[in-house]
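In order of appearance the chains are A, B, C, D, E and F, and numbering begins at 1 in each one.
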Amino acid sequence: MPDNATAPAAVGPDAADSAALRVELRDLYEEIGDLLDDDRVEALPDYFTDDCLYKVISRENHDQGLPAGTIFCDGIGMLRDRILAIRETQVYEPRSWRHFISGVRVVAVEGDTITARANFLVTEAMSDAEPTLFMVGRYLDRLVRRDGRLRFRERLAVCDNHHVRRSLVMPL
Amino acid sequence: MPDNATAPAAVGPDAADSAALRVELRDLYEEIGDLLDDDRVEALPDYFTDDCLYKVISRENHDQGLPAGTIFCDGIGMLRDRILAIRETQVYEPRSWRHFISGVRVVAVEGDTITARANFLVTEAMSDAEPTLFMVGRYLDRLVRRDGRLRFRERLAVCDNHHVRRSLVMPL
Amino acid sequence: MPDNATAPAAVGPDAADSAALRVELRDLYEEIGDLLDDDRVEALPDYFTDDCLYKVISRENHDQGLPAGTIFCDGIGMLRDRILAIRETQVYEPRSWRHFISGVRVVAVEGDTITARANFLVTEAMSDAEPTLFMVGRYLDRLVRRDGRLRFRERLAVCDNHHVRRSLVMPL
Amino acid sequence: MGKTLAAETATRTWPAEGWTRVPFWVYTDPALFDREMERFFYGPSWNYVALDCEVPEPGSYKRSWIGQRQVLVVRHADGDIGVLENRCAHRGARVCWQNKGRVDSFTCPYHQWNFALDGKLQGIPLKRGALGKGGMPADFDTSQHAMKALRVHNEGGAIFATFDAGAPSFADYCGPAMHGYVRRLFGGRALKLLGYNRQLIPSNWKMYIENLKDPYHATLLHSFLITFGLWRADTQSESIPTEGGRHGIMISRNVGKKESDATAEIKRFKSKLELIDTDSVTPMREFDDGKVIGLSLFPSVVLHQQANTLGMRHIIPKSVDSFELAWTYYGYVDEDPALTRLRLRHTNLYGPSGFVAMEDGEVLVECQQGASGYGHRQAVLEMGGRDTEPQDHMVTEVLIRAFYKWYREEMQL
Amino acid sequence: MGKTLAAETATRTWPAEGWTRVPFWVYTDPALFDREMERFFYGPSWNYVALDCEVPEPGSYKRSWIGQRQVLVVRHADGDIGVLENRCAHRGARVCWQNKGRVDSFTCPYHQWNFALDGKLQGIPLKRGALGKGGMPADFDTSQHAMKALRVHNEGGAIFATFDAGAPSFADYCGPAMHGYVRRLFGGRALKLLGYNRQLIPSNWKMYIENLKDPYHATLLHSFLITFGLWRADTQSESIPTEGGRHGIMISRNVGKKESDATAEIKRFKSKLELIDTDSVTPMREFDDGKVIGLSLFPSVVLHQQANTLGMRHIIPKSVDSFELAWTYYGYVDEDPALTRLRLRHTNLYGPSGFVAMEDGEVLVECQQGASGYGHRQAVLEMGGRDTEPQDHMVTEVLIRAFYKWYREEMQL
Amino acid sequence: MGKTLAAETATRTWPAEGWTRVPFWVYTDPALFDREMERFFYGPSWNYVALDCEVPEPGSYKRSWIGQRQVLVVRHADGDIGVLENRCAHRGARVCWQNKGRVDSFTCPYHQWNFALDGKLQGIPLKRGALGKGGMPADFDTSQHAMKALRVHNEGGAIFATFDAGAPSFADYCGPAMHGYVRRLFGGRALKLLGYNRQLIPSNWKMYIENLKDPYHATLLHSFLITFGLWRADTQSESIPTEGGRHGIMISRNVGKKESDATAEIKRFKSKLELIDTDSVTPMREFDDGKVIGLSLFPSVVLHQQANTLGMRHIIPKSVDSFELAWTYYGYVDEDPALTRLRLRHTNLYGPSGFVAMEDGEVLVECQQGASGYGHRQAVLEMGGRDTEPQDHMVTEVLIRAFYKWYREEMQL
């Protein structure tokens, strides 16, 4: 089943998919990957609108239309709270992540809303082990422009993983 | 041994490798990766010329100059037939793929033929398991412009994999 | 701990991070990945200044400020000597590598020095086995422009790998 | 990898102190793991497999697990739910290759033998051969070649199954206390499926059993729970082993954020921590008794009700040193949408990124790693005394002691 | 992972029905797997290792496998082909690190001992020491320290080897029927190498042996074969176990697309399916007898001739639950290029993406998964009756029955 | 994976030739590996764990390994160094989750039991319960529940530990020859840490032990060493087994690039090879005796001094067919910065990319692969004769012979 409701028709060489927008999105996606890899997750909420929905969700839940997620942030408050909770309350073994983003695509531009998607591959390395292929999937996003910058109104990180190995400490 | 016959001389900062063409190719490669990830393989033949050669081939066969491939489509008919056969005849366990493309390069432009290559990494996730590093290798391509669009006259997906784990269900 | 000394302040949408420079760097990074994948390591030193520092170093050493590396080339002579030694003296089982680069970023531009970084993921395939996730990490680079081309004055390939599986035959 | 059985059985002597000690080889010996599968998961136990709302219509099915055996949970035409071994009566291929779906009957892909929803063999292609040759013997009795069906119990929408014809009734297996608490959650209201989370935790499955019999850790480790008063030592609580230690019941209350004498001893209480979105830690009152509950229904499931989240935690052992933990979140069809919304928000406590569950996953792995190479050492279980009687507080390891008392008998160790 | 041998041997009793049943522990027990390697692959069997066209010149070599042992197939100066253990007579390092190549002699990288193409030790550096000190003892007898050579048989270009000096001749090992069919393909025409395909299939290797002794599945599972008449139940066919069940011969004919009584019972026949490029399913007539053939030459190879593709399917067990399947496609040097072109196009039937072979890989994995946790269950083999005599059709499992009859004797089960 | 113990013990007979042969099953039998861990790493051996400069301040700690057991190396308040099992005395969680750090005391994350730097249990939260209920029994004796401490020996900054109270003194364990050479490197000068390299080598750990008792390979395999005269057969050398073969000492000299009679026999000598940056192969004279040295201090470390690089090679077995090799490079605090600079440059000889060590890693893997499937074959050790006495040259395998003589006795094989 193709991802993103409006996808099939709009995909392909299409006016909506302007080269400039694609470049802007690629830069944005990599910027976010970079801040997550660089342990600056506090900067993440700045890329979201106040009424955002941010979810990490398995393909299993997503394909069945089930609402629960692995990370479920309904509004920027919950997103900021999560980051606070990670920093202030959580006990976990130290590890490093690296994001690899490929295939950033504009799916549709409707009114002020840009629908976009991209593949992600995130490696995880415990401090005493080799990196592993950790989470792989697809960002399904809706963005709007606020104060001249693109912000996510909705970001779903839909993971191919049937299960998470051990823990998913940080947002994807 | 360097890949692509004409490669060594033409590689490097070269007039042939115009920035615009490289951007166009990157978009094209990612577009194809996207349609394969999105279960729209029916759209694949549209990117090929009628007299195309499409092969998925191991590095083992390719380096020894052996003609047999893992997927061998000699003409667009065979490519369309393969997709029909996958859809209409084949029994396989459901799974998801994600393409990650890096290092798209123009190797040469000779007459109307563009020689290009890129690295691919494809993950595969069974519906009840984690994604795995599935196929890794290099596209070795020859493209021509038809009706204003680039099409593949030849696409070789040369896989570093000595063997395929279980089955290769879809074209790469 | 964020990477690159000057990073935190300069990161983000910043005048320093000009779109054109980022494009140039992406091309450069992929060009180097390509030549390494294509068994043309002899071309690598041409991308470095004479007084370069090139190191492959574990995150463990790097984070503790320990100077030893896995590959330690202090000056272009040592880099050229290493390539000569690989070619002329070393016994190792044949294998293939593929570089995947993501998230190329300009961290700072100060005087003639560009500070940049990017994620790398390198797969390795023995000639009789499947590719594996081999080395993953981040390039931390300082470049200068010489004769119109960007060259590395310093390149650190900082690896998340706690250990190297078997051997690291080639520079990253 | 542990040692081979041959190398280790000689040294399999339980410490003289008895159930206040646990030797670490119980977490690392592959032969012991095999015995656990046989005696518990494939023996006279009732194993959780699904909620009925996951297979809503006749022909709806879901693949599930009992230990290392995959099973199919199927809704029959009459609305009843059956459980089948997911393997063909012919040559053993998995019949069903999808996690969920809806069918009229099952057809095995290999030779297309066809089975009814209850497993009965109803079709064999070319049974009479072709061109007058071949086919099955005339006396082949299809009634002897059904997909194997398990005994099933549906407790208000929670589906359990057993491989053992001699297992007691579900009610007797639970015992009255556990059964009562199960019925408190599954009392007959129609269930609504909210979604799944799945983790692969590289530790022995019994470490998870212990974790859910260990209220003491929760009030010390889980900063988020403690700080927002969702689980705290200075709250009215109970720790009740049942059926000789097989099952365990933990009870407490959500009391909100506040300081007390106890918080002084609990370093991970964070008085300064304030959330922006306080809904996340402010449950709507739902059960009249005011309790929050964790039920360890041996061997395969933990049922939780915490804040407004309701969940089944399905324990699926994969090897001596890993298990899958499959979370199913649910609500009730007839509930207030505002409650459903809170249930979803409160799922942030659980799963691989849960503010509570992530820490459990992390410590379990560290316990397994701590066991590795150190099978000759012993854990100490003396918090809350040395006996195995129910206690009316949470500063205790009584549930774990009772469990290992029972485990030793069952495993003949 | 299966249980340890110690835990399982007690329960290793073959079902009373005998060869119409196969207990699933034969696919999951690592100790049984080890015994299979010893008795079959390293015992008095002839194992396929290569085609002679893969090592065309004197000094050409190729690495190959017999079970879990790597060997070198080498062309000697006189044109004959030898097979060596790929390990140094000194301290056991693999001598040859490349899959294929050409050399004058072999030099081990570790201490550079040098061996002739036939394995003879012909050079030891510093054999007499340095500065007058060290080196090998004066009485060190190099003739006792060659790389070990295997017995080799070259059947018209197909190379077989055995570790066992007591093995019968290749012809006797095959028996007359199998030998005849092998010679039908390898009758003396020079071979042309077309390429390889390799799969790692996570199932027990015997499941592949069974798959190629199971013509019944082919007419039901393989929609592509059935639809285009490449293999169908309503075609003149034979199923011939030979040498007491060790080997098996399957014979049928390519008949093209058509409907019949049988297709009504074969759901996967797709009457509406039309190809654009019909060459792919339209073989050129090549063998006078009109047959297409699958030969299961135990334990290590299946030889196929189907449409215009010719292939060797080398079975390389890796563990109790995985094997490599290495396909080598070939033709004849003196053949029509149009035939070669068709051979290449028809390879789309085989390998990990083959329209036929992909489905086999898929079902084999599902069979192995179905066996996991269910070692106590049994497969049923009654299609085509209960005996083990040759049959002149394909609606039968006689080849598998005969195989397990023979297997039980050899394995003393 | 090797066979199970039950299947193999019957065939575990050492070749009649004795210590000039090594059967390949010593590298592939998991049960033998377990026995090695018990007898050597956890028995009366002194195991290298760290350098004192890695834990510079009171409270500084580092995680290390002895065999498959993780330990903590800790600097106490008095400056002494202790070694603890990194596991909680309560329920066995790893107490310390970071590779290195500095703390005042250790707090286990699970239930926050608190331990002093020497392991003493000094805090149990809610020890007296909460709301007057629960807590530890009144007679619970915290002095019996410390983190376990090992015996420790600090030899001039090199830290060794043993699990065995009955082990001899470190000096006696080394014996005078080895002890003297250890003190040559660790004679009291303060150490400076230069960094680490870590490899996971998929071979049995004893193959690395052998590699470092095999001066013969170095003069043949390592083209870089040979060419630049860092290790050559035609140099004054010694090969000294000590303590009955347990340890081994290799001695030679850096002599620079030159041709000789011997280089004619050493094919990998490359007379034409010239470097641009000759510093890399031009050591500064550092030790008065002019020697370069490799010390194999069984079972866990090799100490090297080659060119100007000094390193500890910590051997950490992971399974029967893999080990981690952890390199620690060091210098002396009071040394010339120009020497430190050369040390760093000369590290290019070692680690996973080292011009010498990379080749060792490669051949070791090939030896393990050569052993796989061929456990019944034997290595031959006759270079330099058949006895086990010290020799004054490097064209010999005497160190390996002596080792296996000793190994057989210890392992009762």
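To be clear about the criterion, a residue touches a chain if its C-beta (ideal position, glycine included) is under 8 Å from a C-beta of that chain, and two chains touch if they have at least 3 such contacts.
Bear in mind the structure is a predicted one, so any value in this text is a computation, not a measurement.
Look at the contact of subunit A with subunit B and you find different residues on each copy: under half of the numbers used there are shared.
Each of A-D and B-D has its own count of C-beta contacts, and the greater count is at A-D. One simple way to say how far apart two chains are is to compare their mean CA positions; for subunit E and subunit F this gives 44 Å. Subunit C and subunit D have Cα centroids lying 47 Å from one another. Each chain gets a centre from the mean of its Cα atoms; for subunit C and subunit F, those two points are 31 Å apart. Across the assembly, subunit E contributes 4, 6, 97, 99, 109, 200, 221, 268, 362-363, 366 as residues in contact with two or more other chains. Under the contact definition stated at the top, the residues of subunit A that touch 2 or more other chains are 60, 91, 93, 100, 102, 121, 127-128, 130, 133, 162-163, 165. Of all possible chain pairings, those that touch are A-B, A-C, A-D, A-F, B-C, B-D, B-E, C-E, C-F, D-E, D-F, E-F.
Residues 23, 27, 30-31, 33-35, 37-40, 43, 96, 98-102, 121, 123, 125-133, 149 of subunit A are the ones that touch subunit C when the two sit in their complex. By the touch criterion stated above, subunit F contacts subunit E in their complex at residues 1, 3-4, 6-7, 22, 24, 210, 216-217, 219-221, 233-234, 261-262, 265-268, 362-363, 366-367, 369-374, 377, 379-386, 391-396. Residues of subunit D that touch subunit A in their complex: 99-100, 193-202, 221, 223-224, 227, 268, 270, 273, 275-277, 280, 324, 326, 329, 344-345, 347-348, 351-353, 355, 358-359, 361-363, 365-366.
By the touch rule above, subunit C contacts subunit E in their complex via residues 91, 93-94, 127-128, 130.
Touching subunit A in their complex are the following residues of subunit F: 63, 97-99, 109, 200.
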